[in-house]
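A, B, C, D and E are the chain letters, set down in written order, and residue numbers restart from 1 in every chain.
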Amino acid sequence: MAEIELHNLVKTYPGGTSRATDDISLHVADGEFMVLLGPSGCGKTTLLRMVAGLELPDAGQVVIGGRDVTYLEPRKRNLSMVFQSYAVFPHRKVADNIGFGLRMRGADPDEIKRKVAWAADLLQLTPYLDRYPAKLSGGQRQRVAVARAIVMDAEVLLMDEPLSNLDALLRLSFRAELKKLVAELGTTTLYVTHDQVEALSLGDRVAVMRQGRIAQCDSPTTVYDHPAEEFVGGFIGSPPMNFLTGTVVAGGDGGLLLDLGAHSVPVPEALRSFSDRQLRLGVRPEAFEVARGGDLESPGGLGAELEVFEPLGSSVLLTVSLSGHQVKVQAPPSVRADPGERLRLSLPADQCRWYDPETHLLLETS
Amino acid sequence: MAEIELHNLVKTYPGGTSRATDDISLHVADGEFMVLLGPSGCGKTTLLRMVAGLELPDAGQVVIGGRDVTYLEPRKRNLSMVFQSYAVFPHRKVADNIGFGLRMRGADPDEIKRKVAWAADLLQLTPYLDRYPAKLSGGQRQRVAVARAIVMDAEVLLMDEPLSNLDALLRLSFRAELKKLVAELGTTTLYVTHDQVEALSLGDRVAVMRQGRIAQCDSPTTVYDHPAEEFVGGFIGSPPMNFLTGTVVAGGDGGLLLDLGAHSVPVPEALRSFSDRQLRLGVRPEAFEVARGGDLESPGGLGAELEVFEPLGSSVLLTVSLSGHQVKVQAPPSVRADPGERLRLSLPADQCRWYDPETHLLLETS
Amino acid sequence: MTAAVKRPPKRIGMSPWVLLAPSTVLLVLLFGWPLVQGVLAAFQDGDGFTLAHWERLFGDPYFGQALLNTLLLIVIVVPIQLVLAVGMTLLIQAKPKLAGLHFYIWAIPLAISDLAAGLVWLTVFADRGYLNSLLIGLGLSENGIAWLSYDNPTTMLLAVVVAEIWRATSMVFVIVVAGVQMMPPDYDEAAQVFGASAWQRLWHVTLPLLRPSLQVALILRTILALQAFAVAQALTGRNFPLLVGETYQWYVNLQNPAVASAVALVILALSLGTAILYMRALRQPSAGGPR
Amino acid sequence: MRPAIDLAPLRKRRRQRVLIQLACVAISAFMLLPIVLIALSALSSRTALTEFPKPLLPSELSTESVTAFVGGTGVVPAFGNSVLAGVYTVVLALLLGAPAGYAISRFSFRGRDAYQVLILLVRALPIVVLSVPLATMFLRVGVDDTVFAVTLVHTALALPTTILITASIFVGVPKDVEEAALIFGCTPGQAMRRVVLPMALPGLAASSVFTFVLSWNEVLGAAVLTLGHRTLPAQVLASLADSPNAYRFAGGFVLVLPALLFIFVMRRYLLNMWGTTLR
Amino acid sequence: TGFATSGTSGLTFLSTQFTPVEEAERFRALLRKGFDGDVGYVTSDPGPFATQVRSQVDAGNVRVSLLGGLHGDLAPLAPDHLEDLTDIVSDFSSLGWPPEYLELARVGTDRTWYVPWAQASYVLAAHVDALQHLPSGADAEDLTYDQFLDWAVAARRANDNRPMLGLPGGPKGLLHRFFQGYLLPSFTGGQITTFRSPEAVTAWEYVRELWRNCAPASTNYDFMQDPLEANEVRFAWDHVARLVNVPKREPDRWRMMPAPRGPKGRGYMAVLTGLAIPKGAPDQDQARRLVAALSRAETQVELLRANAFFPTVRTQIPDNLPPAIRMEAAAVAKQRESKGALLSLPPVGLGSKEGELSKAFKDCFQSIVLGGADVRSTLDAQAKVVGKVLAEAKVPCWAPDPRGTGVCEVM
């Protein structure tokens, strides 16, 4: 009942030199969970504020549930929001903060009490219901802001980095609850986060933004596995995708090879038009398979020297030098190696993504 | 020159019912990078504020660089700080904000200009130097706060969730720079974060806090691999450690086994005192090795049914049912399976951690 | 299924003028016409435009004196009050014991009318007042000092200054306190951590953040100081004439509204001049509020 | 190896606190002393008033002057009128002035500075030169000699203070909190009432105090607008100037008391906050 | 719309007189006793008084039925804002108002605009302590200005060089009346015409000398009774109503005396209050009845008894008055009846310009005495101001200046 359609939204802040959002169009289906991801300052908050009606676009249209709301007052849009800055009411106790929206809507006091208790419980705020926000820790304040938003059961839920100050455990449990809640109510959600795991695990779709534009909007796996632009690949994933530039040459067996210097990697037939031209190869760090020492120059294997070894708990991160390019490789925690050691990497062909070195756009290979 | 020693710090906020920090002692060596990790509201900010001198402890002592500073004014402690709430001066332009500390210290204007430019460049703030903070995005403001702290070259650097509103890419690059910077200057750093990857990759040591106490303070790998309390294991790692309760029984070959119901796991000899008593087994999700189908009940193998399959990009997360316990398993992205399918998990003995079911403390096994 | 874009409403949210209208209407209705009449009166006599009233005014021996005294008083009193009020605010912010009581006492002079304030200080400074009683009691003086005598202009000025400070500092104080109460403590804490001394914090953080309040306090204080003469009159009679006093004198005792209007216009010009000066000097850096 | 706890800063802090304490007491004494003196004078007998050198405590106390003052014809109803006018004025000035203050603080529109200067005109021109035209106007409309008329004039006089003070305070109310209220279903009016105003309470209290005290002490306007329904100052303040000192003190003292009460009530709102404005 | 504060709902009597609470209460009691209607007696400062009357009449919405005020309060309102009361005055001519008062009440026209109500004058009050410093041979009841000065000097010398004499030079003080009605007529024989005569120069030089022996706080004294009571000064010149409380506590230690005399006689001034009816006032009949009641001899004697204002109608002053008033009455009588008595009137017919004329005298004092300016040139300069005021008002001279036909002007 409440899909969100954004048509060509343009917004320049007064006195600003560049557009905060630059002709953004986006369609969020009813009940869909859309995650916005992008570098700091790319216009995520601005976009949310235009949907909420706190900022009016210079051009373009906002449609919610089939109704044009571009210039409608916020309160008539039936939505609720978690502010990046929390915007908790300092003069109201936590319980009153959480119940504020319901009270404004004239809900039944018992109902309010019940819902407040429920949200407080969900966000582990029950002991603090009687405090003023000034006496809370940063994370607790943020939770108040989240609780205030979710009790509303609004048709559209806008969340601007709602969990940025919470610990992993709490995020994890809240995320699960949120997903359940949203699914139950059929709430359409726009969720800004900088946490990729959150983005990928939570979103039905992920919109990656860059300088006021949407670079790619697709399902999490597609965004992760097939970044539509180098930017997306470089932005998502930690560590991000590796990019290697080489020249396409004819291989011995008539196939094409990307010449990286000391090594070469097979290039799909579909890219024959790039023969003798430069091409960019994108590989996720975890796409490499790592073997220690051994038969270094076996065919399909790439010899590399380990420069840095970082244990990350659930995996290890290797920084290796491959034909002079620095490449990040993620390996299972069982892998152990010392800097300076030589490793053999193998690279399955289906893990290779190819980019046009000029437009930086993904090239179709099938 | 500036190790930090905290001795038995106790702090209860006026009107508070419980202690915000409860008898905390901590020693941070000169130049060490100490990360504080803990659930929201556990007292991290309070601890930092006491080190900074913004809050006076009810009891205990703060020593910085061999000098007692428990009650000394903040400005005489030669430290700088990133506030969780940023506390960016709204009446000063970004450049003035960043240079504030230097100006207060009476630094040379050229020097200030140089350093501001350097920090702005590092945090990608150069285009905004001339703006007032009200015209910045949330993440940009946070970066201003960080820049303001790092230009100080203070002996002690306190950072309270300094990167919570930044995207992964920026965090990554800043983290690397910070580590370099801190190492160069020999700054002693106390760093609060809720991001475990950050904690583990950045910290020389990690102190995990819980309800005003330090649960464990050790190197990242130790904290991750050998959580001193169940709490630490459950708190760190995403998903966290799995805990399974069983009874210790004598195995067929004279060894001890933990009886989990349908399965059993060998128990080290050192825990013989727990014979016939309950014992808790902790296993990291990535400690399991997963095979699909196949010889399900082979020795050392644990048969489990897949309940949920979640792709996380660089790995997949499996929720399986193991003798009725729900267990999270992290597997390489190459693993594919469907809910309902049976999987064979194997569990290397050196990946098992044993906990006393009453005290929830780690039991020594060697 | 794109819904038609409704034209953006001409006024987005509330136009400021909607909010300004009620007060403006009241002011214009009540004071607009009298104001115009008052201004015109200064330039008119029976047969049209004239500058005679101004000549009359400038020829008056009291006028120059009054102008001088008024300026002198403002130049001395307003800065002292500002400094004092900020100091008092800082004291209250330091949360001393009985802060509430002190605060209350400091606000008391607000409640006292000009006339009563003048009386109060007259009992102190009069020849046979408390101050001289004290001096004599301490053996510092035999017969006391004629503080308010016309031939002691310095002590006379001093007495008026003390009385004005006592009477009107509270006003600045209350405005500044209200401003400080709105200020998050974060900024001050940040300044502490970054090595600012108490003075530096005051100068670089607290005062700039207080700018709106200070601006208002200064403007109001100056304008009201230009309006107050009862204290000076009670203390010194006509020995220390002030401009508003002259307005009353001309209007009430001399029944000459035209010259009174001329004096009033001088006051008006002074008030607006200083107000504009303050507004320029303490202009908000851009429209950006805190946060 | 563990240094002894350095208590010097704590001692310094304590010393500072003592100094602060002393400063507070000194200022309080300065502020209070004249009040005490007027109270003592009001309660002195006439003979005691003429003593010299004056002892701090008058030799003879008497409530004669005060009772005579309070017993005067019309003093009690005039007191009632003053309270009415004061309260009405406070309410009306806030109702009209706070929105304007809000507009000045939140919107940057053309003519904002001009508007501020314009409202100052009202305060900058000595009201005495307006008195005849003003009174004539009220008489023409037929609302003279009522508390209502006095309230109107006092409101107009108080508006500039109200507008400027509230404007300076609204600047400090974070915008995002207000936006949150809009999102959670408030009309702009409700957002103002439920969120912005409570947060701006100190400023509102400050301006209320000014307004009330202004109305309470204003003589001229009330004196030219009323005859049979006077406010207390109009009824007695004028006569004080012509009275013997004993009455002047008694009158001054009696006039001060209710305003003291009012400030006492408002004091809480000036000081009490819910901690801070949050980020 | 508020609570009634006038005490009754009857006609409204607005007055600038008897503003002090005590006096007003006594007068209200008197009204209740002497008049059978309801009267709300409302006091006001002269400023709001004029404003009220003007605006009410201008707006055609008059609320006040009767006005009471000094000649100076009422004269500016005639003729546009007052009813013509010529008929009352002729009806009651038997009451015996002095002709010079009726002249004043005509305000330079040929109609009468207010009814003379009560009068007052100015006298000297002295404590017996001060009297002992009188120059030898001087008669306290018949001082010359030179003896007066000697007295002030002697008193000052005897008192540690602190003057014992006080004059009401405060903002509300009536010192200018001393110059207009006492000093200048005594020295020059005139008020306006002789404004810059050589005798006037002598007179002002005399003031300068006198002022040196005058308490410096005199510029703050509005009423002399407070400083006298408080022992700040021991003898003083002031309005009778402003001295009446002085002898209250120790009646036998105080004396009231006529003002000194000078070379041209004993100048003295009478203060006149009057009753007027605003143009278009409601309840005019009641108001006229009230005027009649207030003009009765008994009522006026009562007023003297209550508030120390003397009757304007011909009547016998009774003996059973309070001591202070008895002393004042005696001094006033002596002042009026002594040989060489020279009556000065407050400016006649100047209307709203009266204040500016008085200002000229005050300004002379300010410049010559306080500012130390040259007497001659100051007088010349102020004479121009006086001349201008008179020229604008186009009025003939009044006592003690010779009343001519043309416009009064400074010689």
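Throughout what follows, a residue touches a chain if its C-beta (ideal position, glycine included) is under 8 Å from a C-beta of that chain, and two chains touch if they have at least 3 such contacts.
Given the structure is predicted, the values throughout are model-derived calculations rather than measurements.
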How many links in the shortest chain of touching chains run from subunit B to subunit D? 1
Which chain pair racks up the highest number of C-beta contacts? C-D
Centre-to-centre distance between subunit D and subunit A (centres being mean Cα positions), rounded to whole Å: 56
I'd like to verify one number: the distance from the centre of subunit B to the centre of subunit E, where each centre is the average of its C-alpha atoms, in whole angstrom. 93
Would you please write down the residue numbers of subunit B that are in contact with two or more other chains? 73, 85-87, 135
Return the residues of subunit C touching two or more other chains; collapse runs of consecutive numbers into ranges. 13, 128, 184, 186, 248, 251-252, 289-291
Would you give the residues of subunit D that are in contact with at least 2 other chains, written as numbers and ranges? 52, 128, 131-133, 137, 174, 176, 199, 241, 251, 273, 276-279
Could you pull out which subunit E residues touch subunit C in their complex? 45-47, 50, 76, 160, 162, 169-171, 173, 215-217, 219-222, 230-232, 352-356, 359, 362-363, 366-367, 370-371
Touching subunit A in the complex: which residues of subunit D? 174, 176-177, 179-187, 190, 194-195, 198-199, 201, 273-279
Subunit A contacts subunit B in the complex at 13, 15-16, 37-41, 45, 84-85, 135-140, 142-143, 160-161, 164-172, 194-197, 200-201, 220-221, 224, 234-240, 284-286, 310-315, 317, 330, 332-333
Within their complex, state which residues of subunit D touch subunit C. 17, 20-21, 23-25, 27-28, 30-32, 34-35, 37-38, 41, 52-56, 95-97, 99-100, 102-109, 112-113, 115-117, 119-126, 128-134, 137, 152-153, 155-156, 159-161, 163-165, 167-169, 171-176, 188, 199-200, 202-203, 205-206, 209-210, 213, 216-217, 219, 233, 237, 240-241, 248-249, 251-253, 255-256, 259-260, 262-264, 267, 270-271, 273, 276-279
Quick one: in the complex, what on subunit C touches subunit D? 13-14, 16-17, 19-20, 22-24, 26-27, 30-31, 33-35, 37-38, 41, 87-88, 91-92, 94, 96-117, 119-121, 123-124, 128-130, 132-133, 136-137, 144, 166, 170-171, 174-175, 177-179, 181-186, 212-213, 215-216, 219-220, 223-224, 226-227, 244, 247-248, 251-252, 257, 260-261, 263-265, 267-268, 271-272, 275-276, 279, 284, 287, 289-291
